[in-house]
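Structure record follows, encoded as structure tokens.
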Amino acid sequence: MIPFDLAQPQSLAEAIKLLDPDDPTVRPFAGGTALMLMMKAGLFRPKLLVSLGRIEKKYSEIAADKSGLRIGAMTTLSALEQSPDAKKLTPVISRTLRTLSNVRVRNVATVGGALAHGDPHMDLPPVLIALGATLTVAGPRGERTLAVEDLFTGYYETVLAKNELITEVRVPAQDGKRASYMKVTAGSADDWPALGVAVALQAEGATVKSARVVASAATTKATRLKSAEAVLAGQVVDHRLLARAGEAAAAEADILSDVRGSAAYKREILRIYVGRAVRAAIEGRMH
Amino acid sequence: MTTTEAKVGAQVGHQVGRSLPRLESRDKVTGRAEYVHTMRLPGMLHAKLFRSTVAHGRIKSIDTSAAKNFPGVAHVVTIADIRKVIPDPYYGPAFHDQPILADGKVRFVGEPVAAVLAADPHVAEEAVQLITAEYEELPAVFDEVEALTANTYIHDELKPAGTFADLKHLKGVRNTNVALDYRLRRGDVDKAFASAAHVFEHEFKTQKVLHLSFEPHATIADYKDSGVTLYTASQGPSFVRTEIARLLGWPENKVRVKVPYLGSGYGSKLYIKLEALALALSMISRRPVKIALTFEELFYQITRHPTTFRIKSGIDKNGRIIARKCEVLWNGGAYADIGPRVTQKSGLTASGPYDIENVSIDSYALYTNVTPSGALRGFGVPQLVWAYESHTDMIARALNIDPIEFRRKNLLREGRPHATGTVMKDAPSTRYWTSSPSGSMRSRSTAAPASSAAAAASVSASRR
Amino acid sequence: MTAARTIHFKLNGAPVSADVKPHHNLIEMLQAQFGLTGARESCGQGLCGCCTVLVNGRAVSGCLQLAVLVDGAEVVTIESLDAGDKLDPVQQAFIEAGAFQCGYCTPGFVLMTKQLLDAHPDPDDEQIKHYLSGNLCRCGTYPEVIAAVKLASRRRKGAPAG
Amino acid sequence: MITPTTSVAIVNVSADGSVALYCGTIDMGQGSDTTMAQMVGEVLNVPAESVRVVQRDTDVTPYDMGTLGSRSLFHMGHAVRRAAEDAREKLKALAREVGEPEGSNIPIPALFVKKYGMQAGNVIGTGIYKPDYIPPAPDTGLSANITAFWMISGTGAEVEVDTETGHVRLLKLVSVLDIGTPINPKIVETQISGAAIMQLGFTMFEKMHIDGGQVTNASLADYKIPGFHDVPLTMENLCVDTYQSNGPFGAKGVGEVATFGVSPAIANAIDDACGVRLTELPLNPEAVLRAIRAKQGKPLGNE
């Protein structure tokens, strides 16, 4: 790696001050697992990294009440994975994290980093979008709140300004909501996903009252598939309904070709996996 | 029992046949086993490589001035500097076709063009990024089928190493990408095809893959006037010594090659790889020089041959294979490495483990503009078996013969000649050829998932 | 050029200090300044597990860890396991099960297995595969590793090895 | 490579009876140091774990053509066996020289003391092996002796194909090899399953993607190799009961042999399962699904 400077501010406010809204070579550094890859590959050459490791402890904590979870952005993925509150209130998140990358990465990577990086292959964003999670962002002029759904604008692109930091993610409790996440790999079993599909459903028996369906990895960004959601809403789940939802999703999604498969192939597995994910949610199991 | 108790006529029990844990176990589980990739010598410089970004091109210029002026850089080296210490800087096991650094031309993306030496590897890495090169791009050939007939030639002329009697005739041959063609002719294939009840012809392809040893290639060269010592992650220190002595014009006894633990190889660390460059850089800097590849750089070092294999079989009315014609094209990449040996040694087994009276094999080693291909666990045989055992199964299915039964019927048995004429010896008994190799194979089919069992057989000559 | 800074941390139980620059990763520091080569950078992406090190009791990929950030931390490497010349039961199990070939990835597997057994003292096959899925072995000794983990589990519980 | 190929070994018995082996075979994980030591131990009647295999250094370890082509156990094995036998004969000669009766059980250290008056001296055995070989005729490629031994194997595969997505699950992989009589059965088994798992990666998904000569997946993130979850649910690694008549202790090489049949066995099983034939590697889900859909007359597009 090419030399750079590193700052270790003691507070969030100090960190924000160190960031430069106009300089892409100054970047915040949380767990660093994703940023390190870009730096090693020469894709990112920082002048200054602002390490968030020493900011206030509260940004690494998980709070819970009946309405849901408040996850500090510096919470590591393994802390969230093992959180009893998460297991109780948002079991789909705990299950998703189990197969996210590997234990060592989860021990270091943070919830905020997984979102701010804007990588469409990440497993957490589609699940958070399906659950209707929101996040709090802090910048020089204070805080703002937005839906995770509105965070991503494109391939590795978000609405965050270069001097804004995610501070907290709020996830509503699943309550009766049934949810699943399916990670589909096309290389080795533990590859990055070629496709991720997250669904969250309000359902009574086999009848879907409302649904959120989100695709990731195959798309430029984690994306809600609203036409598939519309097909499902108010309907009884059966083979034909799932086929129609899959068709709608395949028609709607904007899909990329890469080393993990052609767009044609990924569209095809999206068509299949929307139905499988819905069925898994209804039946309360995960892929 | 301690060794001091060993007696001339004493019995300690059989040692052969014991499932003894590996002798080096303790070093490996404690992390104390030493590998070249993590070795250091006092005063050592690190080399980082500037690599070609074009697949085929003439080098118009290389600008190393900014890198040379970068603080902490000891040397920036191109082929011109290397010629001053090694006048004929070409190496390779089969052909002396590979320049220590690109010499006038680049032949694949990733080919080393210049090297930066610095005590701090990060300095060398940063300085490499300051080097620029201009190329006059030439048409490139990537595919083995295309390479056979293309009139774009990767090398101006063939340069066999001279150590092989059967490659000498290729010396000086021009206007070809064929580094070696091996042919085998047994019986009369055409006549047999004419009399066959059924003829099947298929084409199979394999892709480019690589070894990915977790210890990437690494060499430290320590050159002194009295002799040179190389610490190298190598599967063949004797060959390294011979080749380094040849490059230096020295007797072998002045070249010392040491290999500590090796973080696997699978064929990637055979013959000569980084050793010639490390030697040259140590000669230029007069200091120990280490080249340790990154994982990414493995993709520019050595790979397995992609292949195109056209195979045609004639079957008589009794289900006997009476003729087989094989044409195998080996995509050797930009430098021959050991490809010509793969082409011959494995090529001669291309007709499979069957007793066939009429066989024709043509096996071609081809130069192309991609990372060189060499030996990878099987030395070409897995590519061949992929084709001939798929082909064999396809024939059996088409003829409605049980695929295992079809193989049994045609298998080469003890005392029968292989396609080469060499008689099969020590063949395992055909009693092992049951239609259910494991005894518990079953075929299953459910709604979406379909499940099944099948088998493949192979025989291959040892390649000594 | 960025300046080196001095960090203080515990390495295998002993307080140490090191001068490092921000762009140095943990593996480079351990090798260059402490001569500890059991953690090795291979893929450089945290995917193979060869560079596994424990920081504050948790396994990390040393190749993705900036050295300056272990200031004040407790760092444990494979070299601490056979303190007093006695192998850890996990190491012994790896030997007896023959759970390695070239050995380059082995220290990472051993450390991760220790973590696994701390979290799940009696893991089944699925737990083993899941927990160790971020450790790769190009020699393909996965079946032997599973056997070694089970053997180590029995040993740690004091049961006679089967 | 250079046929026929040569291996040379030295066995050094020190005056305390300890034994060191000098050979150029590189143990890169295949376990050759251990199996070579077992052969030395067998000949000299010492425990294999007491034999020191000296680190490779061309200043001290003699010539070996290279560690490749499953040749080491056969070629170097013979050289090592011969070196050990040479040392054994020299020890016997020494025993006769110092007046020991035939079949004497005198400890080796005592033998040296008897000869040299103190713990001093060495016995050095050497062995060289180069098999017979006839090069192929240039015009016909034929030879009456093309190889010292054949490598023989069969592979069976049982798969489950997801016909909606093309995913192939490997339920069972059986490797059956003729490797002669194993010197170290445990090491042989690890070699067999390791080779099969490696070839399984080359079969199912490994591929260098090259675009205009540029490798586009040059990293472990984008070039995947087998991990725990890619190993077949059941693997059987079997050796048939044979004896290689010209091999050292009836053995021959094993390192590559289990790779051979993996790819076609899996492709043949896929055909058996869902009636599609793939003729190009890798057999990744997209390739399988494309073949299935083509057969159904609903081919996937080229998007």
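Letters A, B, C and D name the chains as they come in the text, with residue numbers starting at 1 for each one.
We take it that contacts are C-beta pairs under 8 Å (C-beta built on N, C-alpha and C of every residue); 3 or more make two chains touch, one makes a residue touch a chain.
Model, not experiment: these values are computed from the prediction.
K.L.:
Of the other chains, whose C-alpha centre is the longest way from the centre of subunit C?
P.N.:
B
K.L.:
Considering B-C alongside A-D, which chain pair is linked by more C-beta pairs in contact?
P.N.:
Pair with more contacting C-beta pairs, A-D versus B-C: B-C.
K.L.:
Which integer distance in Å separates the CA centroid of subunit A from that of subunit D?
P.N.:
46
K.L.:
Find the geometric centre of each of subunit B and subunit C from their Cα atoms only, then give the gap between the two centres in Å, rounded to an integer.
P.N.:
32
K.L.:
Based only on mean CA positions, could you tell me how far subunit B sits from subunit D in angstrom?
P.N.:
That gives a centre separation of 16 Å.
K.L.:
With chain centres defined as C-alpha means, what is the inter-centre distance between subunit C and subunit D in Å?
P.N.:
Here subunit C and subunit D have centroids separated by 29 Å.
K.L.:
Out of subunit A, which residues touch more than one other chain, so two or more?
P.N.:
1-3, 37, 41, 190
K.L.:
Two or more other chains in contact with one residue: find those residues in subunit B.
P.N.:
Where subunit B meets two or more other chains at a single residue, that happens at 21-22, 24, 122, 212, 262-264, 266, 295-296.
K.L.:
Mark out which residues of subunit D touch at least two other chains, giving numbers and ranges.
P.N.:
As it turns out, subunit D has residues touching two or more other chains at 28-29, 31, 164, 186-187, 195, 198, 201, 219-221, 225-229.
K.L.:
Of all residues in subunit D, which touch subunit A in the complex?
P.N.:
Going by the criterion above, the answer is residues 164-166, 201, 204-205, 209, 216-217, 219, 221-222, 224-230, 284-286, 289-290, 293, 300-303.
K.L.:
Along subunit D, where are the residues that touch subunit C in the complex?
P.N.:
Residues of subunit D touching subunit C: 28-31, 186-187, 190, 193-198, 219-221, 225-229, 231, 235.
K.L.:
Which stretch or stretches of subunit C touch subunit B in the complex?
P.N.:
Within the complex, subunit C contacts subunit B at residues 1, 23, 31-32, 36-40, 42-45, 48, 50, 77-79, 81-82, 87, 91, 94-96, 98, 100-107, 110, 136-139.
K.L.:
Going by the contact rule at the top, pick out the subunit B residues touching subunit C in the complex.
P.N.:
Touch residues, subunit B against subunit C: 21-22, 24-35, 37-38, 40, 71, 122, 211-216, 261-264, 266, 294-296.
K.L.:
Of all residues in subunit C, which touch subunit A in the complex?
P.N.:
Of all residues in subunit C, those touching subunit A are 1-2, 21-23, 25, 44-47, 49, 52, 58-61, 63-66, 68-69, 112, 115, 130-131, 133-135.
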